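Per-chain residue numbering starts at 1, and chain names A, B, C, D, E and F are given in the order in which the chains are listed.
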Amino acid sequence: MGGAPTDLKLIDERGLRLDGRRPDEMRPLKIEAGVLNKADGSAFVEWGMNKVMAAVYGPRECHPRHLQNTERALVQCHYNMASFSVEDRKRPGPDRRSHEISKILSEALTHVVFTEYFPRTSIDVYIEVLQANAGTRCAGLTAASVALADAGVPMRDLVASVAAGKVANTIVLDLGKEEDNFGQADIPVGYVPRTDEVVLLQMDGDLTREEFDKGLHMAVGACKKVYEVQRDALKRRYSARAEGQEEGA
Amino acid sequence: MGGAPTDLKLIDERGLRLDGRRPDEMRPLKIEAGVLNKADGSAFVEWGMNKVMAAVYGPRECHPRHLQNTERALVQCHYNMASFSVEDRKRPGPDRRSHEISKILSEALTHVVFTEYFPRTSIDVYIEVLQANAGTRCAGLTAASVALADAGVPMRDLVASVAAGKVANTIVLDLGKEEDNFGQADIPVGYVPRTDEVVLLQMDGDLTREEFDKGLHMAVGACKKVYEVQRDALKRRYSARAEGQEEGA
Amino acid sequence: MGGAPTDLKLIDERGLRLDGRRPDEMRPLKIEAGVLNKADGSAFVEWGMNKVMAAVYGPRECHPRHLQNTERALVQCHYNMASFSVEDRKRPGPDRRSHEISKILSEALTHVVFTEYFPRTSIDVYIEVLQANAGTRCAGLTAASVALADAGVPMRDLVASVAAGKVANTIVLDLGKEEDNFGQADIPVGYVPRTDEVVLLQMDGDLTREEFDKGLHMAVGACKKVYEVQRDALKRRYSARAEGQEEGA
Amino acid sequence: MSKDVVADLKRDYITRLLAKGMRSDGRQFDEMRSLKVETNYIGSAQGSALVHLGDTTVVVGVKLILGAPFPDTPNTGVLTTNAELIPMASETFESGPPDQTSIEVARVVDRGIREGHAVDLEKLCLEPGKQVWIMFVDVHVLDYDGNLFDAASIGANAAFKTAMVPNKAAGLGEDVPLPVKHQPISITVVKIDGKLLVDPTHDEERVADARLTVATIETGNLCAMQKGLDGAFTLDEVLKVVETSSRIGAEIRSKL
Amino acid sequence: MSKDVVADLKRDYITRLLAKGMRSDGRQFDEMRSLKVETNYIGSAQGSALVHLGDTTVVVGVKLILGAPFPDTPNTGVLTTNAELIPMASETFESGPPDQTSIEVARVVDRGIREGHAVDLEKLCLEPGKQVWIMFVDVHVLDYDGNLFDAASIGANAAFKTAMVPNKAAGLGEDVPLPVKHQPISITVVKIDGKLLVDPTHDEERVADARLTVATIETGNLCAMQKGLDGAFTLDEVLKVVETSSRIGAEIRSKL
Amino acid sequence: MSKDVVADLKRDYITRLLAKGMRSDGRQFDEMRSLKVETNYIGSAQGSALVHLGDTTVVVGVKLILGAPFPDTPNTGVLTTNAELIPMASETFESGPPDQTSIEVARVVDRGIREGHAVDLEKLCLEPGKQVWIMFVDVHVLDYDGNLFDAASIGANAAFKTAMVPNKAAGLGEDVPLPVKHQPISITVVKIDGKLLVDPTHDEERVADARLTVATIETGNLCAMQKGLDGAFTLDEVLKVVETSSRIGAEIRSKL
């Protein structure tokens, strides 16, 4: 919500947004599971102009040892932006923003993984943002859930994630880049459909409590759609695998 | 002793210093012991315009293990300046100066701690300079001794510390900031009153051997006064504790 | 091969180079073994205007442990340039170039050491470039071999090393600094005379396959001369030792 | 006893009390600990506050340094927030570069200040694109018994209120008060065994399932929010936390 | 089973096949794996390529940023090559600052591009000594099954061919294609049990004795070379690798 | 045998000799080891010295680079001292960023040079506030048998005496000798079992109780001092060390 004022009309007279979307409309979302060879599980998400890859290794031995938890697995998420993923080249390696996002994504995913099944181990989730266009933490969390399922990690449910926000005094869904830069508020939400729970929630900008209420519910409603796309990707992945096994048999 | 020449009259015609002190006069010193809840021992020192906090943890397990000494405890002092403690903002984290000071303070404190009672352990002393105005290493060493005693660490004696120096060709006690910047020499001394020993000694500037002799003895004399303030602080701390116990009883 | 065009005549009308050498002529090379007291083995190489020291410690316990190889010793070469070794002051510590050179020198030396005799250990080779004038990796590899032998590390043979290159369209031996800066190609070669094998090989610039063939053979031929100088240094070292023992006896 | 056993016992103790409607220090679920704030504590800073929130103590120092603006915001001063969770303050803090916890604290405090427009950064611009005041907000934790987010947020606001822009030293005229605009106060709530507790102690944080920090300004509007920990909130719980945090934030603000 | 035992078994398996003239994936000794290249894959980069070389996947992104030239080369743009061997791509990659392996990959790819004059860096100079284009070539490895040198070298050349100089965004007129000069393609050969194998998989790399990478340009000339691993080559082997790499490099080049 | 046992045996041996008035290498208590200094050893530096002090060997290189002065000292050149205690020199040195030991060496050497005005830094100013010579003094330890302070201090002074200001390469006229002003020589004494020993070897340092380094200039005045190690000195001992160090410092100075 850096928000320098601009001539940009974020919502036009027809109530449509810069890219022609209605306020409650998400950008196109495509998910493909099982796209990498070496990782135990993986997923690729194209969401509007975002391209985000997630990979899972584990449960595996936890290094360094002093991080081991004797009662459960550690879900360690590593969010990273490729240096070419943004307009200006980003210096390689994690910055403070990446560290914060890694932390809150780890916490959100921990809630849905049956970590108690794998004491002393680490489940490592790598999220690589290849092309960024607002909403990469939600895209990353969405991809990571699918990658965990693809890796066969036992989970209570998938986490689906999308942001609501406020632009031109209107509550809208899934902010695009200009809306993120020049809008009034952003509310990234991570949601577990089966248990109706919020596992990721941030907000920044300026909102009345009513606006926040509306935005939160709009995001949660959209998370259910994201969830369908996640499940479709996994179904396609399982049937491809099944075919592969039949062919192999 | 950066010492660019200035119009500054560090000693006036009456023989008094910038802040009105006589050559052999210390700045006002206040010490309070037991000011923190979490540390095993602590002390806060206000010394002129210096504010320095010291905290002690230990004896406790020594990490990393390869630093463990099988015959005695390791006294590890960590001197740090808060970023807002000086005129220009200091970058957070230790610089080369802090590393050197941490080393010589660790050595000075090791001499008075009965380290042989606690083999394989570490006694960690944290010194945080919140406001700096010349003399922070002496203030830190003075505070650290009290914090060690407050933590109940067995000691041969306290270390008391103060600097002598030379300004306007006069040997003076306890340099203030302008005296440190524009003076001719600085001699920080750490002294153990009970055994009459010097455990910290540095010097920089320009001194004849006679001047050094005079400065050293002036500092040692003043250390005995610092020692009284240290002991008073500990007495107040013990009586407060005793009262607390009576009340608790 | 930074190669900005210059008025520099790298080869004159008589076919001689800037420093008067013929194309296939090496710079003067002096090697002395056993020049350091603390290291298990050492060698000092003066090669043209290069001054390179090599020291060997080990076989010794390998730290950190997870690097240990249960079947053989690890030869770990550390190439470093002193900050005053080049025209502009170099920031202390390894840069990317040093890391690459350390890696390829480690690999070259591993080939000739009987690493299988010392499982789980590390053989550490330190190469310090004190004065640099083109060809320091070859000088370092040459020095390191002698230092390993001086340390009594069992080896199949010494590695001898020298570069060929191309300047003014001529294949030449052992590039000097200007030739390196303004020449057309550089081919550093590390060679094991007894087995007629190449253990180090890099190339950059522009060469036809015929030119490369010629350069490679020129370098290998010169490596045999380097080898003689290495052996002489070791012979002198052994006889000095023997004398020392006689004197001692 | 291993750490895990201790944690289990602590959890048992805390949750058993909670079941009876009690917290281990006798507070109500929606009650803050005692708060003491001393401003202008650090003479070498342009603004500062020493904050005691129960047994948690932080010093917040505000320094203003001349510098260049970011190219994409040529007309505004620069705000930089840093938190040092130094090992003096707790056995659980380690020395070294900032870890994820201190980065999260710094970023959440920063977000509250920035999005709540605590300081009018545009007024910190001296020459567009060339020279602005760079405002460093440094949070130094001396004693840690939980809830750094709120202690730091309160401290930053208190420091802003008494901070001066050091024009004089820079040859720019007289010193003037820092242009304060809003007072965004964050209030943190944790969830333990389904109960929502305001202003958690370190022990409560350790056994908490989830955490939600909500920053509000005088208008009652929300300006920043951060959910943390491995647990979840229902939507109703989120809205209840927002309500509680707004109410208590207003109380705190009125006292500063 | 310990790692060493697994490595021994793998080595046995691979060398036994090699003795029969076979590779574990059925390829000829001098046969590359299947190669798929998708250019303009990254919209936020000025040039890019997604490269699948067998089961190895890398993304190469090329970005051009305005900046100052090096003092000793005032008339040429700056080339910077970086390789990120992120832990996503393989269990054998660790997070943290670049290790010797990723530095070697970056430097060998850089040497091929630079010495083979893939891009005419002099044309990236805008004002001598003052302003040039700084070209960042970033190699991001997503899936690692060996031979990063060649996958990255191919990707960089493919990205260059479709890259645009972003004059417009910099207010310097229309965007123009990157001034490509040559196409230096590197081909890597490993030696296992005396056999020379082109384009090694990760398993082959792990049991290989020695490695040699040779980069050539259209003229057939050599521009860069790097020997690696603990083993050695005879002179004849070196020359044979040079011959093979030149030939296969030319084939790859013709397909880009 | 464990390290501690070895140290105990070594201590026994050394102290038993000391009780008889002897040192393990036959020196008097106040005797320096043999000293050999070769100046202009490094052609790529503006000044340099190779110093052998007994079995300790250091190279000191002095480089002068044009740069900006510090804002608070616009009229003086900049002095930067660095010490590299590289693992080549001793099993007890580790690679990596400078540890407390190398920082202490660098800072004590720096203090001696700076406070003793070895070089007239004001004469290294070219244009006040704009351009000065930045003088880097780099101490590179090749072989370590104790007493780096004095070896480095001697080396720095020797290097200064033969160093040239590289005006020519900078287009500023002819090269001139570095403006040397004083020759501050530091002498180090350790205390073992109540005995004071000049110029300790590594073995002596390891069993020493306390260490005191005193730097003096030609006038006999003191310019820098540093006490180290876990032990203590009485005031009389301090004054005795000052006397000894001054005397021996003068002897060394006369030989340089």
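Just so it is clear, contacts are C-beta pairs under 8 Å (C-beta built on N, C-alpha and C of every residue); 3 or more make two chains touch, one makes a residue touch a chain.
A quick note: this is a predicted structure, and the numbers were derived from the prediction, not measured.
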Task: Length of the shortest touching-chain route, chain B through to chain E - done: 3
Task: Set of chains adjacent to chain D and to chain F - done: B
Open item on the list: Going by the touch criterion stated earlier, list every chain that contacts chain A and also contacts chain C.
Closed with: E
TODO: Could you find the chain whose CA centre sits the greatest distance from that of chain A?
DONE: F
Open item on the list: Relative to chain E, which chain's C-alpha centre is the most remote?
Closed with: B
Open item on the list: Among A-D, B-D or C-E, which pair gives essentially the same interface as C-F, with more than half of the residue-number contact pairs in common?
Closed with: B-D
Open item on the list: Distance between chain A and chain F based on Cα centroids, please, to the nearest Å.
Closed with: 58
- [ ] Measure off the straight-line distance from the CA centroid of chain A to the CA centroid of chain B, and report it in whole Å.
- [x] 52
Task: Length of the line joining the C-alpha centres of chain B and chain F, rounded to whole Å - done: 27
Task: chain A and chain E: spacing of chain centres that average the CA atoms, whole Å - done: 32
- [ ] Could you list which residues of chain E touch at least two other chains?
- [x] none
Task: Going from chain C towards chain E, every chain in order around the ring - done: C, E, A, D, B, F
TODO: Provide the residue numbers of chain F that touch chain B in the complex, in ascending order.
DONE: 2, 4, 72-73, 75, 98, 100-101, 103-104, 106-107, 111, 114-115, 212, 220-235, 238-239, 242-243, 246
- [ ] Spell out the residues on chain D that touch chain B in their complex, using ranges where they run on.
- [x] 42-45, 48, 55, 57, 59, 61-63, 65, 82, 84, 86-91, 95, 97, 136, 138, 140, 142-145
Task: Interface residues, chain A side, partner chain D - complex - done: 1-2, 4, 70-71, 96-97, 99-100, 102-104, 107, 110-111, 187, 192, 195-209, 212-213, 216-217, 220
Task: chain D-facing residues of chain B, complex - done: 36-39, 49, 51, 53, 55, 57, 60, 78, 80, 82-89, 92-93, 124, 126, 128, 130-133
